[in-house]
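Labels A, B, C and D are assigned to the chains in the order they are written; within every chain, residues are numbered from 1.
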Amino acid sequence: MKRILLSLILLASPVFAVEPDEVLDDPVLEERARVISAEVRCVVCQNEPIDSSNAGVARDLRIIIRERLVAGDTNEEVFEYLVLRYGDFVLFNPPWKPSTYALWLGPFVILIFGFGAVVLTLTRKKAVPAATLSAAEQEELEKLRSDRS
Amino acid sequence: MKRVLFLLPLVLAVVIGGFALWGLSGGRDPAQIPSALISKPVPDVTLPPIEGIATPGLSKADLQGQGLTLVNVFASWCGPCRAEHPILTRMTAEQDLRIVAINYKDKPEAAVAWLEELGNPYELIGSDYSGRGGIEWGVTGVPETFIVSNDGIVLYRFPGPVVGDGQRRFQDALDAARAAE
Amino acid sequence: MIPELGQFALALALMAALVQSLLPIIGATRGDRTWMESAQTTAVVQALLVAFAFGALMHAYIISDFTVLNVVENSHSLKPMLYKVAGTWGNHEGSLLLWVLILALFGAAVAVFASNIPLALKARTLSVQAWISVGFLSFLILTSNPFERVFPPPLDGQDLNPLLQDFGLAIHPPLLYIGYVGFSIVFSFAVAALIEGRVDPAWARWVRPWTLAAWTSLTGGIALGSWWAYYELGWGGWWFWDPVENVSFMPWLAGTALLHSAIVTEKRDTFKAWTILLAILTFSLSLLGTFIVRSGLLTSVHAFAVDPERGVYILGLLAVSILGSLALFAWRAPAMESGGLFAPISREAGLLINNLLIATACATVLFGTLYPLFLEAITNEKISVGPPFFNASFIPITLPLIIVMGIGPHLSWKRADLPGVLARLKWLAVIVLLATLVILWIANGGPLLAVISMGIAVWLIGATLQDWARRAKLFQPGAWARIRRQPRASHGMTMAHLGLGVLMMGAIGSSAWKSDTVAFAEKGTIVPIAGFEIIFEGIEQVRGPNYIAQVASLKVTQDGEYITNLYPERRVYPVAGSTTTESDIRQTLAGDLYVSIAEPASEDAAGLWTLRLIYEPLVNFLWIGSVMLVLGGALSLSDRRLRVGAPRRAVPTNATPAE
Amino acid sequence: MIWAVAAIMALSVAVGLLWPLGSKASVRSGRVSKTMAIYEDQLSEVERDQERGLITASEAQAAQVEIKRRMLGAGEDEAPVAERSGKGGIIASALFVPVAAFALYTQIGAPNVPTVPFAERADEQRDAAQLQTLLGELKSRLESDPEGGETRGWTLLATTLMNQNRYSEAADAFSKLIDRDDATSATFSQYAEALILAENGTVTPLAGRIIAKSAELDPTNPAATYYSAIEQDQAGNSAQARALLLDRIAEEGQPAPWMPTFLTLANNIGTQLGEEPVTLPEFETPSGPKQDDIEAASEMSEEDREAFIRTMVDGLEERLQDEPENLDGWLQLARSLMVLGEQDRALAALKSAQPLVSNLPADDPRRLTVETGLAQLGFD
């Protein structure tokens, strides 16, 4: 049955993402709409933003985003509106909250950890070997090299 | 200390492997998303009736104080909807359940013909030609079926057709909802 | 009969791999010369057998033998011949066979060409390589047999997906696999070294050509995939931070780090454990990629053969190989002494910081890609981690990396004279500052981060060129002779670093200053974009071999001057029952003008066409930069020092002047 | 043929594996000398760098000392290698590989299936195209018939469409028949089957009504019972569905070809319910169902389809008496007869084809078909 569902989604005729009739006249609002829809995940597609998705729901969402903007919503309010209906899943930019603290802090922790390791490596003291070979070493080396050739 | 550091990659790999194993087991569908409406009141939308049929439309008020209600999102163009329709019909009749519907992005004539062919078990049907109602409900595709409590709280959402194994899972959720009421 | 012989060859190959996985390594322990030597012939035999099987499958595709289930499911008699051939690896079973083929070919290449490597190390390496072969051959035969037969054959094949009939896509998997799977041999070398308990500069030198070969083809493969997405999918994008893209990017990052840390091991006998770890991780990440693409663990736009049961089998293989090698690492690596000393300001330290930053970038991508899975497992909450996260975490790590990259080659080994180097680079810094201001002025504002990044790219290119000029003493007599006498590897490095700078410019330009617009068009409609005016001159119906196309004619003018005509198409494939859009592009170094058409989604716009226009500045720098990276890799690979120690053929030693 | 080539392959592999036995011990290839070569090269590179002025004399000196120390270290590491030469292991592996591969191949291979290039299947293409034309003609003739078309014609059309997996078209054809006086229980059950398959296995209310009608006309029609059970199962009455199937088997009292199908479904449902799988009851009749019967009954309403095929086959056989040189005709006839289980007649057809293939190359699929067919029927 999953296959049937999927084929239904894909049945949508191949059109482009944003359609001209969706575009707002106000270029500032339109630009904001594009920015927002690039960060909203299409709920029926495979990991695509609604901005570039052909699915019907994606188109509906794009139109709604523009309506909210025209009605005077801030970007945050638009995101909030979507999250209320579809959950955090629709946000490609995960919100800062307890369950994503680890995600957002992860790279810093990795970097600091690595940095610590680098500092340790650089400051490790080791015995400095003599700057020249001793006579015995020299002799042995000659022997080795002549053996080989 | 040094030894521990060298063990770190192994430990991390084991952790990642454990998660991967979890991810593969239990019939998990990575594309399925949970509903944001669970434990929240039903969205405040009023949908008009389908033209050409006597069944009235659907609004938020219709889902409060009327006992446990199933809200089925369907469309005549959706194959799996046909599949689940007789099962939902029978299920609601046998278990004496109230079922209402949202007719999603469907032409009225097509919906009427569909209901005439397959039967109409719905007490109320909201026509959602624009798909706006579906978005308010957080619908990702059809069919979907919600269980709404007497107080108008969304208890459960089932995406996909209520057939076969899905029917069993849906029935379990329904029994749980009944017990909680 | 031929498919059956292919099947039999696979069975033989599995058994040969089994022998190869045991005899040589036992021989190396027992000091049994013949057993060790058997690795070489067995590796060649195994590769020939897998190649035969692959050829048999390809033959079935070419003659459209629909008694082979794999052909039925993935081909069609009407496909153009090129895509019949490419169909061989355009599916799960066939691509896995290709995977195994490349694995075996790398083993055979080491057997035949690596004559400068000690016998015992070679025997152990080839045995480890054969362990991987056994795992994947058995996976292939037991769960994904490409030679499954049907009789009587169905009338025709099932697949004619026009979207996949594209040249770039046809050659993308083989190249990507050569890269992915190429790192297997480096992995095998690392595991063999751990078993021997010895890693020294000689080992690093022996492994270098193999690392370079794998890195070069992986670079080419990723670039081609990106190129395909850009030209074929019609989205005008080339990188989406999709899980499947991420999993191919991670081995590249780890492989790049490995390439650099191995140099330190080779020159200075240090970073040994780290180099070994990187060798293991690079291939482990390749395996992870193979696993994620085929298991359906994460959703992706490039979904491919989703099958959790196969996923469990691959996961088992991964567990054995990755956990096994990392356990060996945890056991053996602490005993490895690090050799050469170096000061905090030195080439080594620079490469260490380079490795730290690349490894952090790689870990960040891994973490971000898998985080939704972690969270879902723990809290049952589903979130998405998309481009905003990756951009926010990846870019701040990369920019300092690029700055250090400019300085690094100027530093000398052991102890560098930083004030001296900085003094050398101060004029460059001034130039970069000026260039940045010019860019800021041209871009007329624009995102500040993009302008700064552009400046950093200029810095990288300038510093690399300056280093090259310094080494060649470019402005003194005899420069040409000096350039020619320099080791190829050093030219390769220059080329690759320059390539990265160029690529960076393309990446920044095409994402920060991209403009796109959509419009309903009918005959005579004029749409302006990025200083051009596009005039829609109408639609014409054209018949193709297996499709019907509607071709739009667009005239492009700039300030009233005629520039060119563009012809985007919309194709309907009646047999496959699908539609594709074929965009048309005006390519210039300054940027691509990208046009495509479609029928409008809205019913109110009947009779009109949706016209989508994209202008991507500098996007071709991406491809030029990628080619330079690949060339740089190839140039280094051709360095004759990588073959030192190989027995020379009939040429007396003193006949080759010491350069 | 295939075995000969496979044997050659296996033999070459064995020879390849034995190769190391023949090779002479090469020049010294020990670790030390190879490692030394690398370090010598590094030394000379340091020299070159110094000449070019890339490094100072003191830097070069330090680097050289470092490399020389490594050389000393590498020299110390050389462990005396007791050279051995285990011929036994090599020979054993050269034996093991072909034998084990053969053993594996017999498990996974299908040596008798021939290679059939698309280009050589022009006849089949033509036949298929012809069938499409014929079906189209038949359909338009039936539709234009003022009487509504012959029952036999519609049945032929519907069953052929079913064979081609065109279920909804087949359902349309069946729907023309159900209001007629000669509509039997089988007509209804076949119609129901088409409807259900057209909906990917879901029993729609319409299909449910048709099944009920079929059962009403003939309560013993197994197809009606079978689809009722599916309907019940889909409605959630799985236990009832299972009982329905098992009761029907018990009622029959003697073996019947449809029983294995019933049993499979009943057990599938049973697994969902957590019931133990059941087996067919021991019937008193001495002869149990033969394997052929079971296979033939794996699809429902086989009787009608078979009758249709039989008429076609008989016609073909008649026609071939006049054109004995028609190789493809004989092959088709033989295939059809094998499907119908008419082994003697199939053998006869293959014998007629045998002289026609004797001049073809040995790997020609047609020749292979004849030869494997004869072998299968026990005639060599």
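Heads up, the rule we're going with is that a contact is a pair of C-beta atoms (placed from the backbone, for glycine too) under 8 Å apart; a residue touches a chain by one contact, two chains touch by 3 or more.
Quantities reported herein were computed from a predicted structural model and do not represent experimental measurements.
Under the contact definition, subunit C and subunit D share the contacting chains A, B. Comparing the centres of all chains, each the average of its CA atoms, the largest separation from subunit D belongs to A. Located most centrally within the structure is C, per distance between chain CA means and the overall CA mean.
Inter-chain contacts peak for the pair C-D, counting C-beta pairs in contact. Distance between subunit A and subunit C, defined via averaged C-alpha coordinates, is recorded as 19 Å. With centres set at the average Cα position, the gap from subunit A to subunit D is 43 Å. The mean-CA centres of subunit A and subunit B are about 31 angstrom from one another, to the nearest whole unit. Distance between chain centres (mean CA atoms), subunit B to subunit D: 38 Å. Contact with two or more other chains is made by residues 299, 381-382 of subunit C. Residue positions of subunit B with contacts to 2 or more other chains are 31, 33-34, 79, 83, 163-164. The set of subunit D residues that touch two or more partner chains comprises 37, 62, 200. Chain contact topology: the protein chains form a complete graph, every chain touching every other one. Contacts from subunit A toward subunit D in the complex involve residues 4, 129, 131-133, 137, 140-141, 144-145, 148.
Those residues of subunit D whose C-beta lies close enough to touch subunit C in the complex are 1-2, 5-6, 9-10, 13, 16-17, 19-21, 23, 25, 27, 29-31, 34-35, 37-39, 41-42, 44-45, 48, 52-55, 59, 62-63, 66, 70, 73-74, 77, 81-87, 89-90, 93, 96-98, 100-102, 104-105, 108-111, 113-119, 121, 124-125, 128, 335, 363.
Contact residues of subunit C toward subunit A in the complex are 234-235, 237, 242-243, 299-301, 303, 341, 344, 349, 352-353, 356, 359-360, 363-364, 367-368, 371, 375, 379, 381-389, 393, 397, 518-520, 578-581, 596, 598-602, 604-605, 610, 612. Of all residues in subunit B, only 2-3, 6-7, 9-10, 13-14, 16-17, 19-25, 30-31, 33-34 touch subunit C in the complex they form. Interface of subunit C with subunit D (complex): residues 1-5, 7-9, 11-12, 14-16, 18-19, 23, 26-27, 30-35, 37-38, 40-42, 44-45, 49, 52, 60, 63-67, 77, 116-121, 141, 145, 147, 149, 151-153, 155-156, 198, 200-202, 205-206, 267-269, 339-340, 412-414, 471, 473, 482, 487, 641, 644-645, 647, 658-659.
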